[in-house]
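Shared chain: chain A. Partners: chain B in the first complex, chain C in the second.
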Partner chain A sequence: MLEITRLNVRFGGAHVLRDVSVAVTRGQIHGLIGPNGSGKTTLLNAISGFVDCTGTITLDGRRLNGLAAHRRVGKGLGRTFQNPKAPDDMTVADLLRLGEHQIRTLQWHTVAFRPWKAAHQRHMFAQRCEQALTSLGLSPDLLERELGTIASGDLKMIDIARALMVRPRLLVLDEPTSGMNDHEIEVLRTRLEWLRESGLTVLIVEHNVRVVTDICDRITVLSGGGILAEGPPREVFQRPDVIDAYLGEDEGRSPESPPASLEKTR
Partner chain B sequence: MAIFGQTIISAVAAGAIYALIAVGFSLIYQTTKLVNFAHGSIAILAPYVSYSLLKLGLAMPVAVLGGVLAAAAFAFVMDRVVLAPLRTRHISVPILATVAVAIVIEAVTSLVWGSQPLYLESLASDEPWRISGLSITPNQVVIVGITGAVVLPLLWIIATTKVGRAMRGCAQDPEVVTLFGVSPARMYLLSFVLGGVLAGLAGVLIAPVTGLKPTGGLELSTIGFSAAVLGGLGSLPGALVGGFLIALLINMTQVYLSAGYGLGVAYLVMALVLLVRVRGLFGDDIEAVRQV
Partner chain C sequence: MSSITRSAAYRGWRRRAQGLQPVRGPLGFAVTAAVFMVALSGAPDTTLMTISLACVYAIAALGLTVVFGLAGMLSLAQAAIMAVGGYTVALIALDTIGLLPALLLAVVAGAAVSGLSGVVGARTKSHYFALATLALAEGVRLVLVNESSVTGGSNGHPVALVSLLGLQLADPRYFILLAVPLVAGCAYLVHCLRKSRFGLSLKAAAADEYMAKAAGVAIDRSRTLATIVSGGLAGLAGALLAILNGYVGPQDFGLGAAVLLLLIVVFGGASSSMGTVVAAVVLTYASRGMLDLAEASGLVYGLATLLLLLLLPGGVAGVGKAVAGRLGGRIRRARTRQEEA
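== the complex of A and B ==
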């Protein structure tokens, strides 16, 4: 599905990603974990075309690198951000309706010469917007609210709804659960599992080890810009080097007492 | 009373032209967050090109169309060549670049066409109709008609279509529209070309009234900017209303105070709005202006 081969990213003199190769299988939820600064978000940015890289990235056999960021969306890529992209004075409806661009409806000739069809398409799209919110446990009343007035947990969900509006085949999520409460995490988990059943592939950067072990089919551990481990979460989390790398970021905690979340997974 | 009525009539005609300029100004601002100080200069390029096309023996409508297309083409090139490479810089850099473009246009037009004013024929007759003591020229009717026929559909398109939404989205956060598969660069280009068409139209409409001189560009930019700021930068209906209000103010000043104060009033309004109510009448967000 998604094949990343020998990916390298340099920022000036800093070698942020070194020879990273990841393969994500269709219909799986693939976790990407690692301590802060290990290059997770940079990897996502390289996939979506926001940073320059060398190496190859292919989606369903089609090369992504070399394509402008907006063209990659057309190839089936949707992504969210750790801090949701939410222009303050845009309404939720305005944001979601930008998705009209990708679904190739409402062409100018339809609007001009077949207004009844355009009206129908608008109606269908409005329903999709509503459904995008309700399926993530949000109220459709949010549609007319401005993004600047919405709570951060809801914003994360809206960002995911936004990414789904373009009907991606690969959904890339950057720390979706940070800022969410347990109930919201549960809603998201259910939705992701439902999406997986319906054939969507997900690449997810996630700190919450519990979430990772619960929903991911495979995980890749990044550390210092390279790949440390890869495999099913339960196996990977038992590897001593992974535990070390993970504990490295939690200052003040002794290596003998791993964090509770990690303990539970064993 | 007759003088008052007459002033209103010429203000409406002038207002239509200023509105064309101001809407273009606001359109570019609402997509790119850029204040295009070359806007008025692009506007006067159109009548200069029309003038030369007329000299070549082309018919009036063809010459006018050629002039407008030339302005749009210039805006296209300006976006691609001058502004696109500066997009990653701080917003003040491309804004200064538009000032540079304005200076270049002024210098080049005086080199090519000379600094003496040129005169261009009106699109329609200037022979007035007398209606109950007031005179209205066919040309004034044509000016208002063309503005209405161009601006109103454009406002509707920007307000209701997905392209309009994408243009507005660009100003808010280019990465968001990118994630919807839309190229922000293309939206910037589109706003510039549309702005160029509006500016060119305004140019060919105003040149027969005021005469054509290389410094006219700056004058138009000032008036257009004042009108756009008055209406609230980035609000297209605001720019439309602002254009008419500024024309009314300028014409009233010229008639009742002194002919020389007209442009001064435009500057004064701009300064007052920026000082007292940066949002203008209908605008909401004007951060870029604060930054400049």
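== the complex of A and C ==
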């Protein structure tokens, strides 16, 4: 599905990712964990096309390298952010409309000569927007609300809905549970499992160890820009080097609730 | 539509409103323009002149709202691009090719020059774009002043008199008959752009470039297109100013005009075309009224602007929105009370 081979990212003199190779299998939820500064978000940014990198990234056998970020969306890549930012006066419906052209191109001649068809297409799209929200357990009434008036947990869900609108084959989630309460995390977990059932592949960066062990089929542990371990979560979390690098670095802290200092912006 | 969560009355109202959609918007702008023209029919000449100038600045400022208000790119070149439009109609034989082709040509010239800044702007971050547009403005000014064999240098260049349906357009009484409908048309165009996916993309890209890219927006292309649209409107405004004055000169398109246009956009508020038009009228009145104060005018103008920005941070549109919000809240509360009773 997603194959990353020998990926290297350098920011000036800093070698942020060294020879990282990851393979995500179709229909699986693949976790990406690691201590702060290990390069998780940089890896996601390389996949999205936000940073320059060497090495190859292929999605379903098609090379993503060298494609502009918005073209990668057209190839089936959906992406969310840890701290989604959007204009406060934009409505949810408007946010979901942003990627409309990626899945349906409304031609000018359709609008001009067959307006009924254009109207039908718009109607179908409005229905898709409602479905995207309801499939994540949100009320379709949110569509007409302005983003500035929406709680942060709901905003993250809406960001996922926004990513799902472009019908991705691979959904990349950057710390989706940060800023969500326990109930919302529970909802997200069940919805992600539903989405997996429907054939979606998910790559997820997550700090919440319980969520990772519960839903991920496979995890990759990054440390210092390289891969430390890979395998099913229960096995990986048993390994002493993983516990050292990720879980055991500060014994006073519960791994399920990382302190605010771990919450980094991208 | 979710039938469970929305009341039948609400859905019915929505559907009827949507049926009117293609007519409602243009009708609103056209009616406003017509009322305005009737109200002006008996006004004295100085008022008509101010309104004519306000129309010109309103069109240029509407263009600027696309780049500055929506895309968040601070452009200082808008006045220079007006100059491109103005000199275009001054230098071509206006009386032979006719008014409409001349205006179109000015729009195209403005769009092309502004598009140059867009090619740079799509690749640079905000403050670099502002500097790039400053360079463009200065470049245009240098060409206008130094190529005196073509442009007339700092003395400027005369513009042929044009008439529309036998009415002399250099006379503000007849000029507004052309300018007011054009302002309404441009305001409606910008209003539509703001609601379109193009406008939404610009807004999203201004708030978070990465989020917009991940949503599938080609932000470079959107930004370049924004500068082209904005340049087209500035070209039109410049051409109208040239026709009104019967003359173009570099001093009309200096940094002062560029700052006036930015002020109109800020004062009008980024979220409403009508706000921009109102701001254009108010600020043009203010800047022309200040002419009587001679030397103190700069000080008074600056202080007045500062006060406006402090007291009305959301601009005219912000005030309108607050009032509408209050009224809307009252209506909603009344409706829920009715439903409860």
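What we mean here is this: the second predicted complex is superposed on the first by the 244 of 266 C-alpha atoms of A that agree within 3 Å, B and C clash if a C-alpha of one lies under 4 Å from a C-alpha of the other, contacts with A are read in each partner's own complex, and residues count from 1 in each chain.
Convention: a residue touches a chain if its C-beta (ideal position, glycine included) is under 8 Å from a C-beta of that chain, and two chains touch if they have at least 3 such contacts.
This is a predicted model, so every value here is computed, not measured.
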| item | value |
| --- | --- |
| Clash or fit, chain B versus chain C on superposed chain A | clash |
| First (chain B), second (chain C), both or neither touched by A:Arg62 | neither |
| Chain A residues touched - chain C or chain B, whichever exceeds | C |
| Which superposed partner A:Arg234 touches (first chain B, second chain C, both, neither) | neither |
| Touching partner for A:His120 - first (chain B), second (chain C), both, neither | neither |
| First (chain B), second (chain C), both or neither touched by A:Val111 | first |
| Of the stretches 9-17, 27-35, 45-53 or 333-341 belonging to chain C, the one that collides with chain B | 45-53 |
| Residues of chain A at both interfaces, chain B in one complex, chain C in the other | 48, 50, 68-70, 73-74, 78-79, 85, 87, 89-90, 94-95, 97-102, 162-163, 166 |
| List of chain C residues in touch with chain A within their complex | 1-2, 5-6, 197, 200-201, 203-204, 206-208, 210-220, 271 |
| In the complex with chain B, residue positions of chain A that touch it | 48, 50, 68-71, 73-74, 78-79, 85, 87, 89-90, 94-95, 97-102, 106, 108, 111, 162-163, 165-166 |
| Parts of chain A lying in touch with chain C, wherever the complex brings them together | 48-50, 68-70, 73-74, 78-81, 84-87, 89-90, 94-95, 97-102, 126, 130, 134, 139-141, 159, 162-163, 166, 266 |
| Chain B residues touching chain A - in the complex, by the definition given at the top | 161-163, 165-166, 168-169, 172-173, 175-184, 284-285 |
